[in-house]
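The structures considered in this document are given below.
Paired with chain B in one complex and with chain C in the other, chain A is shared by the two complexes that follow.
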Partner chain A sequence: MIQKKVCMVGAFATGKTSLVARFVKGIYADKYQTTVGVKIDKKLVETERFTMNMILWDIHGEDEFQNVRMSYLRGAAAYLLVIDGTRRATLDVALNLRAKVSENIGDIPFVGVISKCDLQAEWEITEQDIALLKEKKFDLVRTSAKTDVGIERCFLQLADKIMSGAPS
Partner chain B sequence: MAKAVDLPDAIAHYLFTRATQRQDLAYLQVSPDGCILSSGGTLAKYGLETAKVGDAIDQHLLFLTGFFPHPPEQAVMPYIQTEQGAVIDVHFIVESGKQWILLFDTANELEKQQQFQQVANDAALLRQQLTKQIDAARGSP
Partner chain C sequence: MLDTENPKEQKNTAAHHKSTDDMAENAAEKDIVVKAVAGTDTDELKELRALLLGGPPEDMLNPPLSPEALSKVLPEAMSQAHERQTGIIAATLPTVETAIQTSVQQNASVLAEALFPVIGPATRRSITTAIGSLVQSLNQTLDHSLSPQSFKWRLEAKRTGKTFAEVVLIRTLIYQVEQVFLIHKETGLVVQHIVAKTATAQDPDLVSAMLTAIQDFVHDSFTVEDTSSLETLRLGDLSLLIENGPQAVLACAVRGTSPAELRELLRSQLESIHLTFGPRLKNFDGDQSLFQDCTPYLQDCFQSKFRGSKDTAPAQKKPPLTRTQKLLGWCLAGILLSGVGLWSWMNWQSNRHWQQFVDTLQQQPGFVVLDDYKRRGAYHLNGLRDPLSGDPQALLNQSRVNPNKVKMTWKPYLSLAPEFLGNRTQTLLNPPSTVSLSLSSQGVLAVSGRASERWIQWAKEVSSSLEGVTEWRDDGLISTEREELTQLKSRIEFRQFSFPKGKATLQTRYAETLDNLAEDLKSLTQIAQIIDEPVNITIRGYGDQRGNAAQTIQLGQTRANYLKRYLVEQGVSVEGLTATGSAISSSDRAGNDRSASHVEVRF
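This part shows the complex of A and B:
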């Protein structure tokens, strides 16, 4: 069976852990609990065309005290780049992280995730921001781990990209 | 790499014993394609008690998927929390052309680090929320 390493990358408190918890265990917790280091999980992704065992690396978020170590991304087949729709600053962090990954790991496939779409009324990420990301050829998925929107889709899209050998 | 400090044997022995006893060291020598060539230390601590010479390392340590055949020559990956609940610092080193993987138990350190990080991130989120509210009150975008 195909087994691939997939990483979650983004600023702190963007919802990376919630995304994985919803995808793998179908659960959601409202309380924010910061990740230190990496949480490893796995999920079997089955489609008509392939079955893939995703080894998920939920990497701690980038913040003012800790930068994401690029060593964590070694061997990754792809990654989800997570942006918190309610915090504009997390978009800038995501763009910086994407550049760092390209420089250190290479142009591996990724999917941009804009999280917390259940709080869309509070979003600071504008339609203009989203249009600019699309101009940069970002594949974007709007998600909510709370209401289970877009979760399967972003992981399946990533799996498809891995299987098709799509560049980032 | 920084030059090794020239230590008296007694101190080197003390530091070695302290590090290996406090953090339950296990080690694996692996081939370029990620198969186990030799192993030792507290293997059972990391679920490696059944690992045999010739086994692919990522069969036993799932989180090493993707690292071979191009493992990092030297890398440290702290606080890897496995599905089984272990917390491991993973070190990749190459010495005399041999690839080694070292595993250290860092569960105790993680707890302290988590507490510190939680406070720091909660404070940062609160600061961002307050800034947003102040900006809204001032009528700025």
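This part shows the complex of A and C:
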């Protein structure tokens, strides 16, 4: 069986941990808990074509106090770039992080995730932004850990990208 | 040297070399000398050869490699090849394997016979090792299943949810490698993981990833050299030894105190893994199945050592004792021995004195020792004691036993020993000093002397119920009351009071005498009452010899009545007191006339 290291990358409080908790354990907690350092989880992803043991590195979010350590991303097969739909600033952080990963780790596959789609009314990310991202060949998935929307899809898409060896 | 002096020659030599290229490289040194000296021209050389050796030079220089010649150099060649490690083993291995295979196929008995002497000892050794380890683990389980410590461990097992066997292992372990991880350095993914049967392990994927994250964290958080890395993590009695290689990390979870050799072992195993699997590790894409065959390297890291087991590391030999230490040791032993000897002797003496005391008590009348023993250095004694016996404490003080170390418990009892019977009778009867008692061995109580009637009656009654007294004998005993009664009687009886003729009143000179009589009578009545003896007193009055007999009796009666009345008036009891008149008394018939007119008192 193939094992792959997958990282969760994004600004703070974008819902990376919730995404993993929903994907791995099928649960969602309303209470916000900030991640310090990194949390490790794993999930067996089974498709018709392959079975993959995904080792999920849930890395703390980037904020004004701490930068995402690139050492945590070393050896990652792919990563989820998480953007909070309700905070425009997280998009910029995500773009910065993506550039940083490319520079330090290389062009590994990633999938862009716009989280909190259950709060669509409060979104600051506009369709225009999304169109711009798509122009940059971003694969984008809208998710909600709370209402379990798009979670499986984003991880499966990432797994597909890893197995097909597609560059970002 | 010749080769380098002349460029032309050099050229020629080179040409010559080329022409003789097919010469065996390992030809004899002599040949080379010849060709070096004579290497100026090919034709000349040929001529020279022909002259010197006289044979066709080609055959001499390029002889066909005969089996004979080869057989001479082959053993040495192989030996040298082996020493230089030129891959001769790898080269010959397939041949040898095939040869063995063919031999077995053709005739298995040849190899079987050859191996026969080896198979026996090898099998025996293998079985002994297996049984040895089984017995050892059984011993450990037995050792620890009944000890007081085992109860603690059972509690711990219950508390932590581990099995008892696991707890025993953990607690008796000096160290044990519980898990070995081979981790791909770049991705932090597990390449291989093995866990000891006795250990419990978490998901190795998560542990491995987290360990990598921790390594990264430490490395990033503190300014260290790029090459340095986390080597040990310690938590309680568990430590994690981490050995970093260029492609992979070998981590060992060790419970207990791991020896330094373990790290050496990890290092060498990791080197071996890199040597064999280096390229595969470099291209690791998360597929563990490619690394199945590196498990033996990890297995080799499984080591353990138990407390109290015989195959632990050689115990540190104590340095030999110095002369002073020896002397000191002997002195200490001597003092200790003397101390023990002295203590034993004192103990023996003390016991002997105690036994003597107990024997003395046993021989004393009025003591019965029921039980004596020694406990915590103190002597205890339980027994019976007659209250009339001697004081045991006084006896103890007289003995050589330390009274402070003795605790005696006495219960009272009555001894039937003759001396005690006599004493007890004496004590109980408490006779007046005028009485002497003597109790014979037959139980006859002889009482003599003088005593009050009251005591005599009481003592007689009490002695009848006294243990050991069978008969009361009071032959020599005088009752004081009876004695007094007799005296009173003698004083009162036949006392006469003379009346003047014809008169029935007494003269006043009798007043004092009459009072004395009245007192005596009163005393007599009292004593008679005490000794319960009926008293009858007759006052007989006599008349004068003047009238007729009837008148005489009448006068006597009147006189007797007069005295009786007088006595009663003085307080004498009227009971038993009779007054009667009478004619002349016989004693007085011959007597004078005056004596006829009187009264007398009779019992």
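Convention: the second predicted complex is superposed on the first by the 168 of 168 C-alpha atoms of A that agree within 3 Å, B and C clash if a C-alpha of one lies under 4 Å from a C-alpha of the other, contacts with A are read in each partner's own complex, and residues count from 1 in each chain.
The rule is short, and it goes like this: a residue touches a chain if its C-beta (ideal position, glycine included) is under 8 Å from a C-beta of that chain, and two chains touch if they have at least 3 such contacts.
A quick note: this is a predicted structure, and the numbers were derived from the prediction, not measured.
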Overlay on chain A: chain C relative to chain B, clash or fit: clash
Contacts of A:12 with chain B and chain C, given as first, second, both or neither: first
Touching partner for A:1 - first (chain B), second (chain C), both, neither: second
Partner chain(s) touched by A:34 [first = chain B, second = chain C, both, neither]: first
Touched partner set for A:146, first chain B, second chain C, both or neither: neither
Which of chain B and chain C A:42 touches, first, second, both or neither: both
In the superposition, chain B vs chain C on chain A residues touched: B
First (chain B), second (chain C), both or neither touched by A:63: first
Chain C-contacting residues of chain A that also contact chain B: 3-5, 37-38, 40-42, 55, 57, 69, 71-72, 74-77
Residues of chain A that touch chain C when the two form their complex: 1-5, 37-38, 40-42, 52-53, 55, 57, 69, 71-72, 74-77
Residue numbers on chain C that touch chain A, as the complex places them: 184-190, 203, 205-206, 209-210, 213, 216-217, 219-220, 285-289
Partner chain B, residues of chain A touching it in the complex: 3-5, 12-13, 32-34, 36-42, 55, 57, 60-61, 63-66, 69, 71-72, 74-77, 87, 89
Chain A-facing residues of chain B, complex: 58, 62-68, 70-72, 75-83, 87, 110, 113-114, 117-118, 120-122, 124-125, 128
